[in-house]
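Everything below concerns the one structure shown next.
Chain lettering (A, B, C and D) follows the sequence in which the chains are written, and residue indices restart at 1 in each chain.
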Amino acid sequence: MTIPLRSRFETELRVRPDDLDMNAHVHHSRYFDYVLAARYDQMERCYKMPMQEFLANGFGWVVKTAHLEYKRALGLGELITVRTWVEEFHKDGVKIHFEIIKKGNAKVSCDGWFHFIMTNLKTGRAEAIPDWIIKKYEI
Amino acid sequence: MTIPLRSRFETELRVRPDDLDMNAHVHHSRYFDYVLAARYDQMERCYKMPMQEFLANGFGWVVKTAHLEYKRALGLGELITVRTWVEEFHKDGVKIHFEIIKKGNAKVSCDGWFHFIMTNLKTGRAEAIPDWIIKKYEI
Amino acid sequence: MTIPLRSRFETELRVRPDDLDMNAHVHHSRYFDYVLAARYDQMERCYKMPMQEFLANGFGWVVKTAHLEYKRALGLGELITVRTWVEEFHKDGVKIHFEIIKKGNAKVSCDGWFHFIMTNLKTGRAEAIPDWIIKKYEI
Amino acid sequence: MTIPLRSRFETELRVRPDDLDMNAHVHHSRYFDYVLAARYDQMERCYKMPMQEFLANGFGWVVKTAHLEYKRALGLGELITVRTWVEEFHKDGVKIHFEIIKKGNAKVSCDGWFHFIMTNLKTGRAEAIPDWIIKKYEI
């Protein structure tokens, strides 16, 4: 049985001057923020479930694990494409893979994955992802 | 009639590597964050009224105006003293003056002021500062 | 004699999740970064003189004064227009005015000005702006 | 043959208000910045080789891989201890492990590791770590 692949969505971002470190390259921590920005955009635009809707339903997402592999530095004003997709569904979370692509030469700047856990905002604890949310994320 | 001067409080901070810009100087925007960090520290430690207590009483502070004069750049790992004080009380706000001092040579790196407005968290609107809060701030 | 008005240029930006503070509004310091991002974009795209060209010619810009008036908070994912223009030329600097406009309702979120000083990268000191740069900025 | 354990060094930091996200917890990306701040401090204070000395010798460090496991959120003004150590030496890099500890209850907030590569600043390429630097790091 093959696992059906899920859609890979893309968000375009531009490096801001305040993202640069003292070597004029993007701070390693900002790649993390780029992926998060892309997920927020894609939750709303692609999965049709903006973060506000999760919150309104009493759900939140927290990061359990982050893993980033840096390949090529990003510089001032660079345009990037942040591609993300659901690689695995767990009972109470999802594993999101990402690639940050340099628009200039189509090469990978950074890739990796994030393990997000669904939390109940009232209890602050992990919770099984409801079926109706899985359906939205299964595209 | 002379206006009694209010206490000037100090908070010591160290420049973090992620505060640096591509010229290896602290981003101009981070001075703002340093002043805010000092105010939070001093609200709790000096005025004996941490931000959490404002929030618990249904009050918040928003910035109406920020004015910063940059004198000397800050570099990697520098130790700074952030001195702030209440310069003026308004009906619904306070004007806070600040100085950021380089510990190395005791010279001013940046000074200026912030005009904060007190808001009612329920209405989101400006509100007269209650007497009991003015008392805490008048020291 | 009337002073000819200079062009007002616009850059569109979107609020990133990492720009938000604990009240889910954009950190006051990030407005500063938005203006800087717009200036870098407009230096390249509108004045035809990217920051890299200033640096290659041995010039840099430092902020002497920043003044920001906050009118309306910005929230998650908001689209903004950052409009900037040269308000005054000084011997060794320029006064740049800005407006940050909310795309949703065309209202002003923040406005103000920055006084930038031209520096000689070798000496680190202020320097008269060369005529050929003034020409580029006079449009 | 057992590998001798290397020293674990500690740096104390305080969460700044601008580190908080819209849930009033520290942004996941800022943990990364905390570890970096601790390494810079420890390079100078513990290994007796500040970043500036690496640069003066024509060497830089770049991050190849970052892996972070989030255990407990950090809040406004929290005091943390960032403990780091050299877990492995590679020909051209080091694997640095870290733990971020909450001072309040001595529990782990986040742990993980960073794989740093030594680069030659002139060529921009990876380079074998010189013996004299290994000696400094072997303590």
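Simple rule for what comes next: contacts are C-beta pairs under 8 Å (C-beta built on N, C-alpha and C of every residue); 3 or more make two chains touch, one makes a residue touch a chain.
Please read these numbers as outputs of a predicted model, since none were measured by experiment.
*Asks:* When B-C is set beside A-B, which has more C-beta pairs in contact?
*Replies:* So, comparing the two chain pairs, more contacts are at B-C.
*Asks:* Taking CA centroids for every chain, report which one is farthest away from chain D.
*Replies:* Result for the farthest chain: C.
*Asks:* At what distance in angstrom does the C-alpha mean of chain D lie from that of chain B?
*Replies:* Chain centroid spacing, chain B to chain D, equals 30 Å.
*Asks:* Measure off the straight-line distance from the CA centroid of chain A to the CA centroid of chain B, and report it in whole Å.
*Replies:* 35
*Asks:* Report, in whole Å, the distance between the mean C-alpha point of chain B and the mean C-alpha point of chain C.
*Replies:* 24
*Asks:* Counting only residues that touch at least two other chains, what does the list for chain A look like?
*Replies:* 17-18, 23, 27, 29-30, 33, 36, 76
*Asks:* Across the complex, what residues on chain D touch chain A?
*Replies:* 23, 27-30, 32-33, 36, 60, 62-70, 73
*Asks:* Given the complex with chain A, which residues does chain C contribute to the contact?
*Replies:* 16-18, 30, 33, 36-37, 40-41, 44, 50-52, 76-77
*Asks:* Which stretch or stretches of chain B touch chain A in the complex?
*Replies:* It is residues 17-18, 20-24, 27, 29, 76 of chain B that touch chain A.
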